[in-house]
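Take a look at these structures.
The same chain A turns up in both complexes below, where it pairs with chain B and then with chain C.
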Partner chain A sequence: MQTPFWNKEIETAERAVLQKIQLERLRETILWALKTPFYQKQLREARISSPDNIRSLSDLRKIPFTTKDDLRLNFPKGLLAVDMKDVVRIHSSSGTTGIPTVIYYSKEDIDNWSDLMARCIFATGATRADIFQNMMTYGMFTGGLGLHYGAERVGMAVIPIGGGNTKRQIKTMKDFCTTILHVTPSYLLHIHSKLDEAEVKREELVLKKAFIGAEPHSEDFRKKIEHIWHIDAYNSYGLSELNGPGVAFECAYKKDMHLWEDAYIVEIINPETGQPVKDGQPGEVVLTNLIRRATPMIRYRTRDLAFLHPEPCPCGRTHRRLSRILGRTDDMLIINGINVFPSQIEEVVMRIPEVATNYVIQVEKKGALDHLTVKVEIYPKLFLGEPAQLDRLKARITDELHSAIILHPSVELHEPNSLPVSEGKAKRVIDLRPKE
Partner chain B sequence: MKITQISVFLENRKGRLYDVCSLLGKNSINIRALTIAETESFGVLRIVVDKSDLAIDALRKNGFVANLTDVVAIEVGDRPGGLAEVLKIFADNDVNVEYMYGFVEKFSDNALLVFRFEDVEKAQKILTEKGIKIVTRKEIEGL
Partner chain C sequence: MAKQLTIFLENRPGRLGAVAKSLRENSIDIRAFTVQDRGDYGLVKLIVSNPDKAYLALANLGCACALKEILAISVPDKIGNFEILTSALAQNNINVKDAYGFVLQPHQQGVCCLEIEDTHVAEAKKVIAAAGFTLLKDDELYNL
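Let's look at the complex of A and B:
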């Protein structure tokens, strides 16, 4: 399973060497951060007025966290560290939740990001001989362009098709002999259910791999994808505040994602106290970007919950692996006082073979109590025609959910493709409770 | 002589039954017998149609969850006690009926009924022995 390295020296560097690189780059990052109004204030609070105040990596902890709200409050230019004429790209969140956030990239930033992406792609065993169909949305969202640049850097043939239009996606996969997809996991499942309609058989496609991201998903969800498509699916992690995709990516061993520690400093903290958790324990991922000039980012609270594997990976890369995202600090539901993460529900739903590709979690108030409903789609090939079978299935899902999350949900069975599927990020949680 | 029943999963959503029937109508498929098994949150529509292969293809192509089940259609005297006579044969011979329902039409003075048996082979053997008329697939198609 040994795959070639894109940059062997860095990817297999001793931990001590990596830490030396981190310290040097953190100092440079401080220098750039001091050019922005926002970090001038943050660093002043930490009594840091020059890179010389950072003597060791632990000095990083003196600096306050940066949050999404900070980015909103300092929109549009509070974190810009270079002259606008040196900016070559702007990515911005859509701002559906209020004020948008923005990240600026210099030419060098884009170059560094593309190189990290190439590293990720190489680690999966992909080569320049591959045909890469990028189904991720292009535009202001970083997912599309990030992988696009990385794939071109590797030298693959890139099909910049973007998201949506399932029939055309399938036809394109066939026409150009696509070997690798970049896609959200829920959309990849959706496409499979449309093969018949597009009158294309799986055997007519030469698909080998998929890079799946932009949506948290469980290991069982990945296995389901790999099983129905007969491909290898690789998890990826990134967020636009830290460039976009390419922060962490799975290697050919597919045992969680190498986080490139020469480019990012990762901390795992207790989201309530802000203190670091013990090695290997789950907590909120906090990231510092070490290689971006136009928008420096120091101790950014991602609100993603995950843990780091302390032990090395057999692939030889020394950069630690980040677990899949266990949940979000802000998507945890509190239902009748019990903490529930949508990922726990997904895990149960996905291991039941009679359940198809889509599910919805709905919470509402019934009298004084919260009521949880889990809606699932049934898998057509396993329907035997008898209502008794479906009643047993419902009871089984209810029981398994009860053991996973303590609560007793109502389970609803739906027809395939009847629950809302978005062709981008799936909206799976509907909270109808009145806001306090 | 088994015939084919089509079972269609129907989620609890307005117009879903209409969707099935209108799809069959568009494909010139005639429903011969029909029943709905319902629970509080979903239903299963059971139908016998004149062109079952065409029907199942059309349903699946249009995203319905549908499956085929073997059932037996028999003629029963359309008079008081007619059904009871047949059911007595089943009871006496230990033939278990899972469910049954009636046809929309008939082609003689007898009533037509669909039976789903626990053991179809055994049921057919007993029916033949007792001289009860089992309706053939051809007859259903020609109704």
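Let's look at the complex of A and C:
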């Protein structure tokens, strides 16, 4: 299953070589960071006034973390390290909390990012002969343009269709013989359910692969997608604070995502203490961007929970693999004192064949206690019309959830396609408990 | 054997209406129906003029529905007849999984729909005939 390398020397470099590159680039990043008001303050706290103060990679740990709140408080220019005339792109998150965040890119930054994306795409075995339909939202969100530039760099034919309009997506896949999609996993499932409506059969499409991302999902969810579509689906990871997609990507082996360590320094920390966890243990992902000048980013707390695989990958790439995102430090639900991640519930729901695509997790107060309800949809093709079948189904979901999350949820059965599907990031958690 | 259509519906306003609308749009006549409340959802059982067509129409809407085989028995509308029928089945140790009935012509004819375990259907047919009742043919039921 050997696939070609985009940059073999870097992708298969010895760990010592990678660390040498990291140290060089970290020093350079410090130089740029010192040009920004925000990092001048941060670095002063760490008694760093020049790149010479960084003697080894462990010196990175002297520098305080950067958080999403820091980006908000320093909006719009507190982290800008270059003259505005050297900026060629601005990405911004609208900020559900009110204050947006912004990332600036120089020409060189975009170039570095595109090259990293091309590396990701190549690792899956895709080539310039592929036809790439980019269903991710374009605009201020980095998901669309990030893969777009990478796919063009590889030389694929890029269809910049963007998100939504399912019938048109299906028709476009057919008309242009799309071989690769870039899409959120929930939307990819949704499209499949609309093939009949669009009067297109799966056999009429030549789809081979999908790059799925922007949404946490379980291994079972991936398998479900691969099974119904007969494709290979590759997980991807990124966030705009660290450029966007392309931070980590799966290779042809699909055993979690190579995190490009010449471009990023990754730390996995205990979110409560800020201290590094033991090798291979899950914790919060903290990333330092080594390849962006316009907006340096040092020790950014992603709030994503994951772990690193210490062992090498059979593909030959030496860059360590990041696990799929197990949850977010901020989407962890605390229900009657028990920590529950929506991903644990999804994993259970997805392995039960009689249950369809969508589900909702609802938490509310009943008296003094929290009450968890998991709503799932009946999968119509497996419905037998037997009340006993439905009773067994409910009991099975309840039991499996109980063993996964300790709590005893209520399980509600719903009609197919009755729970909300979003054509972007799916909103699956409804917390109705009064805020304290 | 006659087909009954079973539909999974959420227990909230408008769901029965959606089924009724689809049946009307497909010119499907309803012979009998019952609704079984199961808490957050309900099961609707229907005898209709064209069960296959009704199934396809509802499946196209995305409904979870299933066709099930039942025995439709013509039972003269007279006190004691239901007892005769059920006792005959009981004496032969045949369990009724699900049942409902309706009067076609008062004091003359009624219909009893029974769901019997697959393994006992053949025997049930014999017992019903021996007790003096006739099974409705599929067409007879759909075109009542």
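Rule of thumb we're sticking to: the second predicted complex is superposed on the first by the 436 of 436 C-alpha atoms of A that agree within 3 Å, B and C clash if a C-alpha of one lies under 4 Å from a C-alpha of the other, contacts with A are read in each partner's own complex, and residues count from 1 in each chain.
The rule we apply is simple: contacts are C-beta pairs under 8 Å (C-beta built on N, C-alpha and C of every residue); 3 or more make two chains touch, one makes a residue touch a chain.
Because the structure is predicted, anything quoted here is derived from the model rather than measured.
Colleague: Specify the outcome, clash or fit, for chain B and chain C once both structures are aligned onto chain A.
Modeller: clash
Colleague: Applying the touch criterion given at the start, work out whether A:Leu390 contacts chain B, chain C, both or neither, answering first, second, both or neither.
Modeller: Both: A:Leu390 reaches chain B and chain C.
Colleague: Just checking: does A:Ile161 make contact with chain B only, chain C only, both, or neither of them? Give me first, second, both or neither.
Modeller: The answer is neither, since A:Ile161 touches no partner chain.
Colleague: Let me test your reading of the model: by the given contact rule, A:Ile54 touches which partner, first (chain B), second (chain C), both or neither?
Modeller: In the superposed model, A:Ile54 contacts neither chain B nor chain C.
Colleague: Considering only the touch criterion stated at the top, classify A:Ile378 as touching first (chain B), second (chain C), both, or neither.
Modeller: Both partners, chain B and chain C.
Colleague: List the residues of chain A that touch chain B in one complex and chain C in the other.
Modeller: Chain A residues touching both partners: 378, 380, 383-387, 390, 412-418.
Colleague: Which residues of chain B touch chain A once you look at their complex with the stated criterion?
Modeller: 5, 7, 9-13, 37-39, 41-44, 46, 60-61, 63-69
Colleague: Show which residues of chain C lie in contact with chain A when the two form their complex.
Modeller: 6, 8-10, 15, 36, 38, 40-41, 43, 59, 62-68
Colleague: What residues of chain A sit close enough to touch chain B in their complex?
Modeller: Within the complex, chain A contacts chain B at residues 196-197, 378, 380, 383-387, 390-391, 394, 412-418.
Colleague: Given the complex with chain C, which residues does chain A contribute to the contact?
Modeller: Within the complex, chain A contacts chain C at residues 378-380, 383-387, 390, 412-418.
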